[in-house]
Structure formats: structure tokens, C-alpha cells
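So, here come the structures, one by one.
In the two complexes below, chain A is the common chain; its partner is chain B in one and chain C in the other.
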Partner chain A sequence: MRMKQVCTAALALLIGPVAVFAGTISGKVTVDGPVPKQKVIDMSKEPACAKDYPATNPPKTETALEGPGNTLADVVVYVSAGANDEGTVPSQAVTLEQKGCRYIKHITALHVNQDMQIKNDDPTSHNIHPLAKANREWNKSQPPGAPPIDAKFDQAEFIPVKCNIHPWMHGYFVVLKTNHFSVTGDDGTFSIKDLPPGKYTLTAWQETLGSSQQEVTIGGAGETKTVNFTFKGKAY
Partner chain B sequence: MRAITKSLLSLSFSVAIAIAVPALAQEPPGGMPQPIPQTPPTHDFESHIGNVTGHADNGKQDYRRWCIGCHGPYGDGNGENAAWIDPKPRDFTAATFKCRSTPTGTLPTDEDLFNAITRGFNTTNMPQWRPLTPQTRADLIAYVKTFSPRWKTEKSGTPIPIPAESPLTIDSIARGKALYVKLECWKCHGPLGRADGPSAATLTDSKDMPIKPYNFATGGRPMCGDKNSDIYRDFMTGLDGSPMPSFADQLTPGAAWDLVHYLRTLQTDIPSKERDMVNAAGGKIPTVEAPAPPAAPAQSSNLTPQPDATRSPSGGK
Partner chain C sequence: MGKLFAVVVVLIAIASAIPIVLHWYPMAPDISAHGHLIDEQMADTMVEAGFAFLAAQFILGFFVFRFADRKDPGKIRTFPGGAKVMVAAAVILVGTEVLALGILGQRAWAGQYFSPPSADAMTIQTQAGQFAFYFRYPGPDGKLGPQHPDKVNEGTQNYFGLDPQNDVESRDDVVTAELGIPVNKEIRLLMHSKDLGHSFYVRELRVQQDFVPGLDLMVHFTATKPGRYEIVCTQLCGLGHYNMKAYLNVMSQEDFNAWMKQKISEQ
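This part shows the complex of A and B:
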């Protein structure tokens, strides 16, 4: 009897990654309370970028983005324990664009050692300066029209990245030991697919409001679990 | 009368408290013997500069004598004097160094660090250490390496080659000027190299401390050496930990020498053959096109995959 269970479990583990049997965790991230007021960015010193924004809709900082219904965008939700997929590095590269003197996207989540391509679409120079601690800090110039910069990070870390020429340009490279992650969209929703049945620890991280964790169990194959995170608000 | 005495008494009492309280609140300097902090084992750290081999065991004593005051017992740049120093002493625990011969994001060579303490850093509180023997300086470099685990897990980068200097002409200066505009050096260093570019006032280093760009006109000797090849190296490697990025992927060697020739002309208080040439041309630099960037940029960093497995970040693990 016991043997049979073990066999089934082993079988489930073996065929687990096949999408047909895999479960999904999805949900929404909201905030309870205030979030820091986002400041208007003065880009007048960089006319090449300032012209991308209408006067009625000036660019703003992105340290906490609250949407309708208190939802939070740009929250990284990832499986911090249980997925055991450290070795599986996605083969396709993630892309970071610099456009209108902003990072698109503000948060770039990627797997340890996954390739990253950094592009400059602006008619002005940028320097890409990841302020890494566990990884290596580097700083490269990328004038307009320069080819993309290839980057790679070999340690899991939340790396603030900035452009020193344009001090308002801030972002994060979120380097994770898993490829089961999702960054919430403008509606605060996320979805993590291809999870075989098992117990997982799910972590949600927001650059200003911190992080919180929840335990999730995916029982059967193809099960979809809904997990919602609510961050405590912080005015500053 | 009695009332006055009473109030005087209470006044002196409160003054006494006011003096005593801050004295209690902070540790009297030098009053308590400071425990000797635990630093990592040093015996297996060495440095190799030419035919001199430095030993961290020996360097430890010299570090405690010469360096600890600013760089601190833990090598984190928080020595007793650090609070009064700007820019702050180097934090050796991060193993991020400005003056290197190696690509951005890599460890410097032992020679880089040796040259740095030999030369000192102009415009900072770091003096030259020429009075110490080369052996002592090499020992210090070996000891400095004990503060970061990186020196165990990573190798120094491969120095960026510096080919022979291309001929100095008024045209090479002109091409360098076009590059200065095109690469937007002026955004920080200013249109005339006077550290007054639009981004200059906003710059911070990697520890969020304000930092000023180099002022070519009044900054004196450049921090990482004042030869033409030193200036070449500065912008090719970038000064890690500062806002100065690496331009190694953006410049061919010829273009890089052009830029050096132009940067020299901005150093108005340092005589140079580059300035003489501009003066001989009537003080005017002709307007020309900037040289093209390298066709296939040599990826200067070992963050990208390399055939040599020992150099790649994950190769050693």
C-alpha cells in the first residue's frame, strides 16, 4: 500500500512538469491603507524625453502603483520554496527597454543566470547601473543606437538599477531561484502556471511595502488555487 | 537672598546634569578598551605584484597601523575618521574599486590596487603610500583582500588592452570633441569639462552619497593616474561604485585615443601638448563627424558567456 503511494508520488513528480497535469496559482494583490504619493518627475533637463509626455499626464515615480479597487501593480509573486526548479534556466532572454527615460518595465523579474537584453530606444544616452551586492555591480554606457547590452546575474537578489544621467530612472532586477514567478499587472492580478501538485511557499514582494508569504497546496492535477495578498499600507 | 541661592543651586545642578548626560550617552573615546574584532583568517591570502609576493599575515599589522583609522577594523570604511571624510573611505567588503585595469563588474588586479595605494587619490583624503616599502604595500594589498569573500570565489578580470597611442593631430582632437558630445560626457562633466552638466548636481555613488564628476578645468591630477593611458583606461573600464560608466563597448581604440586627446585640452590648468596644438590652431577645434562605434562591440564584461569556463561567474561553482 505504502509502496504504491510512493510510486504514485514518484510518478507524479516525474510527469509533474507536463503542463496537462500542472496546477495554477492565481490571485490578486491589494493594499489596505495608503501608499506613498507618487511624485511628478521633472524631465525638463532632458527635452528628448520630456516631449514623450503630454503636459496633462506628466510622468510619475513608480515606487507603489495603486490601481482601482486598491490593487497593486508591479508586485513580484514567486514560489520561494517547494518548486525545486533552481536548475531550469529559461532559454529565452528577458528584455528591458529604456524608453522615454523610463524603464519598461519598472520591475524585471528573471531567473538566476537567465539572459537579459537591455535596449535603449531613446535618442539620448543612458548608463545602466545595477547596484548589486550579492552579484557584481557594473555600470555601462549605452548611447542612442547602440546594440543591446547582454547581462546575466548568477545570484538571487533584488537589485536596484538606476541611470546616473537621469536620476529619476529607477527600477529593479528581481533575480529569482525559480522560474515560477509573476509580476502583477495594472489590475493587480498574477498567475503562476505549470506547478505540479505539492506544497509551496508563495512570496509577494513590493519594493516599498515589503514582502509577505503564504503557504499553498496544490492537491490534484490541473487544480487552480486562488491566493490573494493584502499589503499593509504605508504613507511614506 | 535665600531664594536666589536656591535658584542658583538648582541652576548649577541642572547644568551639571546637562554636562553629565551626553557624557554618559556616548562612550568616552579611548576610555574603554575596544575588543579586537574578528577578522577572517588571513594566512592563505596573497598578492603578486611583479616579483613581490605580499602576505596578508604581515599586512594585518601594517593595516592596523596605517589604514584602520579611516577604513576601519572591519575594512568596511567605517573607521574613526570616516565621519569627517568626504568622499568616504573605500569599503573593502564590497570589493568594488574605482581605479582598475579590468572591465566593469570585475575584480581589479593586484597591480591595480598596488598602484592605487602607491599613487593615492588626488582630491581625497587618501595619501600616497610611497614611503612604505613595496613589500609592505604588497602585504597590505593581500590583507585588504581578506575583507571580501569575492577574492576567494572570483578571479580578477582580464585587463582591457591599451594599444599604442594614435598620432595627435588637430583632427584627432576634433573627433574626440565630437565623441564628447555624442556620448554625452557633457551631461555630467559639463560642456567645457567644468563638472557643471545638467546631471552633475544629482549624482550619487553606490552608497547613495553625493559625488561630484571630475572637473577637468580645476580638478588637478585625475584620480586614477595622470598619463594619457590612465585617462584611456578610466572611461574604458568605468569607475565602479561611482556614476562613471564603462564605454568599452562604444569606442574603438582609435576613437578612444581621440577622446583622450580632446579631454586633455579641457584640463586648462595642466600644460599639455594637446593644449599647445589647439593654441597653435588659433584656439579653434574644427567641427567633424564623430568616429563610428565598433562594428561588433567586444563584450567587455564577463557577465556574458565566455568560452573559458573558469572566468564565467558560475564556472567555479
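This part shows the complex of A and C:
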């Protein structure tokens, strides 16, 4: 009994400071140069989905989303070395929705072995086909109203995922060995929290423009470091 | 009992001919320049097969009616000349029938497959892949750029595997999800399969042609009536086969020009 209390106290002492004095890395991802044009998607094949989009605002491809000030959305920024949190799988599942014949979100980042729930909100059938290489490749169909599909990936990998019935549906499952990741929002910003002092390698990955790395050191407790990434653009 | 059976056979034969004779299920309206040849051929075949069917059923009914309830099971009569003559007569009769249909039908067939499209026909390529059709127009240069299967990328809508960075001909190619064509203009449709066997079928156009992987085939046709018609895959190709379709949009030349302008802006 006493032993258990001592252990708990010791654990609290170990974890406590980490949580309280943990550092944060935040920053912005931008692009220098052109990015591939967002092309209009013609969904006439699937009237059930086409009706979700007004003619003035047609759906478009999402391979590179440039915002104001050359910022880039949907870039995955993650701690590729130094975090040592491999194996701490978050208990809550990430959700992928299929709505209006799109993947929401276009990029889904998750931890190795973390649960993923794939839902079909459309009145039409989809099939989910992750083109995995390191993980097992699979292809499951999901009719309208079918229960969510549970998925899990046991290897770190950037997996393109597509729907064969609606070839324009395309996204990525980014399976990482760390919980310290962030996907940039529409303004291109990201923030990775709860990093204890230490030396880290930060990687930013964009599906079309590739990836780039930077070294970051969180020195003192509670320090916030700003790291900005700039990708070199390409037109195609 | 035999007489009742004979009557039932004749009644079934007549009942099954009624919907066809009265055109209860008419064919979809024909919107192509060559379609009437196909329709005439279908009608000829139907008349010929219909007569043969009814004659066979009536003769069967007659014989059953006349001889079924006989007490004496002995032989009634032999075919004049015996079995050999009967087989030879059947072969000649059926052979003539098939040959006649073939000769009558060759006009429709040859017009589609043995004669090339006219020189000013508009070239469009269609690519079938699980589970959608896409179409490619050569653009102002009139040339379709080469396809590179390794460049196929659904994410960027590069369904044809084009490499505009290196291939000049690909830069002005226009890729669409619907087949827009001007009315009364001959279309030379090149057919390419991305993965396996599919089929291009527009019933109003009276065109049905399989895609064969590795073989680039061609069909040509002229649509004569503006409208929107369904293009469906009629070769079972996988779990999404039921949903593999696109639309044929036949427009006036002005509408087509506007449509093409819109599509070019979306590339």
C-alpha cells in the first residue's frame, strides 16, 4: 500500500513539471513561388453530391491550398525526432467524414495504432481505398447509412487514400510515430504543445511540395519557440 | 390433356408476341446519323425471329393437338428422304436465315467499323477506369499529348497521366468529366482503358463499344439532336460498376463553344 503511494507520488513529481513547464513550438508555413492551380471538380456523375455545391462556388482540388500572404494550409508539421513518445497512443479516435463526395478533412493526421472512424454522410456509396505500402492495403465499400468503418494503421506512413467510385475524392492519412503534430489551418499557422525541454527535429510535410526539416531546442521551462517553414513552389 | 397443352402453347406464344408487336417497350429515341440503320436491322431481326418463333410454336401446337392423344404409339410418317435430308434442310434453312441477316446488317456494321470517319471529324479521347469516364480534347494544337501511367494522380485530377511540364502537346489538352459535343458534327472517339475491360454505351446514340486494356480502339458517330444523355458502362468491371457513368451533352455549335471556353478556364 505504502509502496503504491510512494510510486504515485514519484510519478506525479515526474509528470507534473513536464505538464506545467512544457514548451510550445508554433509558427507559420508559407510558399515561395507558384503552387499547382486548384482545379474545378466536375461531379456531374454523382448528382447526389453535385447538388451540394452552388454553381458559383464549385468544389476544387486541394493538393496545395494557398491562403493570403502565401500561407499554406493542410501542411502536417510534426516532431520527427526527439519527442520519444512513440507508443503513447491517444485513446480517442480521429474521425474522417465523407460529405458531398469529399474527405473532411483532406488530411487526417493520427498516431500509429490510433483508432480512426470513417463515416459516410452522403446518400451514395463510397469505397475507402488507402493506397498503403508499409501498412496493409485495403479497400472497403460503405453504402449510405452503413455504420462507421474502424481503421488502424500499425506503421508510420503517408498514405494516399481514394474512392474508386468518385475518382476526384482524394486525401491523405498521415500516420505518425508521435503525438506532437499539428496540421496548419487556413492561415498557415500551427502550434505543437506540451514539449518538455530538449532538442527536437521538426518536419513539415506538404503532399505536393514535399517536406522540409528544422532543428529546434526548447531550453527553459514553458518556453515558446517560433519556427517558420517556407516551401519552394512548383507550378505542376 | 394433349389438346389442352397444345392450346396453352399457342396462347403463350401469342401472348409473348403482343408486347413486341404493339411496341409496349419502345427503344429510346435515336439521336444519331447512323442509328436508323441499327434500328432497321433490329426490326428486321425481330420480324424474322418473330415469324420463326410463332411458326415453330404453332406447328408444335398443331402436332400436339393432332397426335398427342393417339392410342397407337406407332410411327406416323417419315421425313421425305430420311434423317440426313432433314438435317441438311435444317442447315440450309438456318444458314440462309443467318446469312441473310448478316448481309442485310453489313451496311450498319460496315458504316461503323469498316469506313473511317471523315477528315474533318472532331477528335476526342475517352478513358475508362474504375469507376468513371473522363474525356480529353486536344485543344488548339489538335494534338493529344502522350500518356504516362506513372503520372496518373486523382488528387490533381490528372486522370490521363499527362506531363504538361515536359510535353508541349499536353499543355492545351482539355480534360472533362462529361462528353460535350456539337450537334451534327462527326466525332472520332478514341477509346483508352486505364485498367480493365469497360464498355461505352449510349442507347440514344446507338453506340456500344468495349474498352480493351492495351488496345486503343475508335468509334465514330454524329449526334443529330441536342440534349443530355447517359453514358453507361455495360461491361461488369467491379464493385462500382453500377455507378460508372457520365453524361453526353449534345449542344449547338455556339453552346459548345461557350461550354468549351468554360472548361478551358477550369483546367
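Structure notes:
Here, the second predicted complex is superposed on the first by the 218 of 236 C-alpha atoms of A that agree within 3 Å, B and C clash if a C-alpha of one lies under 4 Å from a C-alpha of the other, contacts with A are read in each partner's own complex, and residues count from 1 in each chain.
Following the convention adopted for this analysis, a residue touches a chain if its C-beta (ideal position, glycine included) is under 8 Å from a C-beta of that chain, and two chains touch if they have at least 3 such contacts.
This one's a predicted model, so the numbers in the text were calculated from it and none came from an experiment.
Superposition of the two complexes onto chain A shows a clash between chain B and chain C. Judged by the touch definition given at the top, the superposed model places A:125 against both chain B and chain C. When both complexes are overlaid on chain A, the residue A:207 reaches chain C alone and has no touch with chain B. In the superposition on chain A, contact of A:170 is made with chain C only, not with chain B.
In the superposition on chain A, A:147 makes contact with chain B only, while chain C stays out of contact range. In the superposition on chain A, A:231 contacts neither chain B nor chain C. Looking at the shared chain after the overlay, A:40 reaches chain C, while chain B stays out of its contact range. Judged by the touch definition given at the top, the superposed model places A:136 against chain B, while chain C stays out of reach.
Contacts of A:63 after superposition: chain C is touched, whereas chain B is not reached. In the superposition on chain A, the residues of chain A contacted by chain B and by chain C overlap at 45-46, 124-125, 127, 141, 164-167.
Looking at the complex, you find that chain A touches chain C at residues 36, 39-46, 61-63, 124-125, 127, 141, 160, 162, 164-170, 207-208, 235-236.
Contacts from chain C toward chain A in the complex involve residues 129-132, 134, 154-157, 159, 164-165, 176-178, 238-240, 243, 245-247, 266-267.
Contact residues of chain A toward chain B in the complex are 45-46, 113, 124-125, 127-129, 131, 133, 136-143, 146-147, 149-154, 164-167. Of all residues in chain B, those touching chain A in their complex are 94, 96, 104-106, 154, 182-184, 187-188, 198-199, 202-204, 206, 238, 240-250, 293, 297, 299, 301, 303-305, 313-314.
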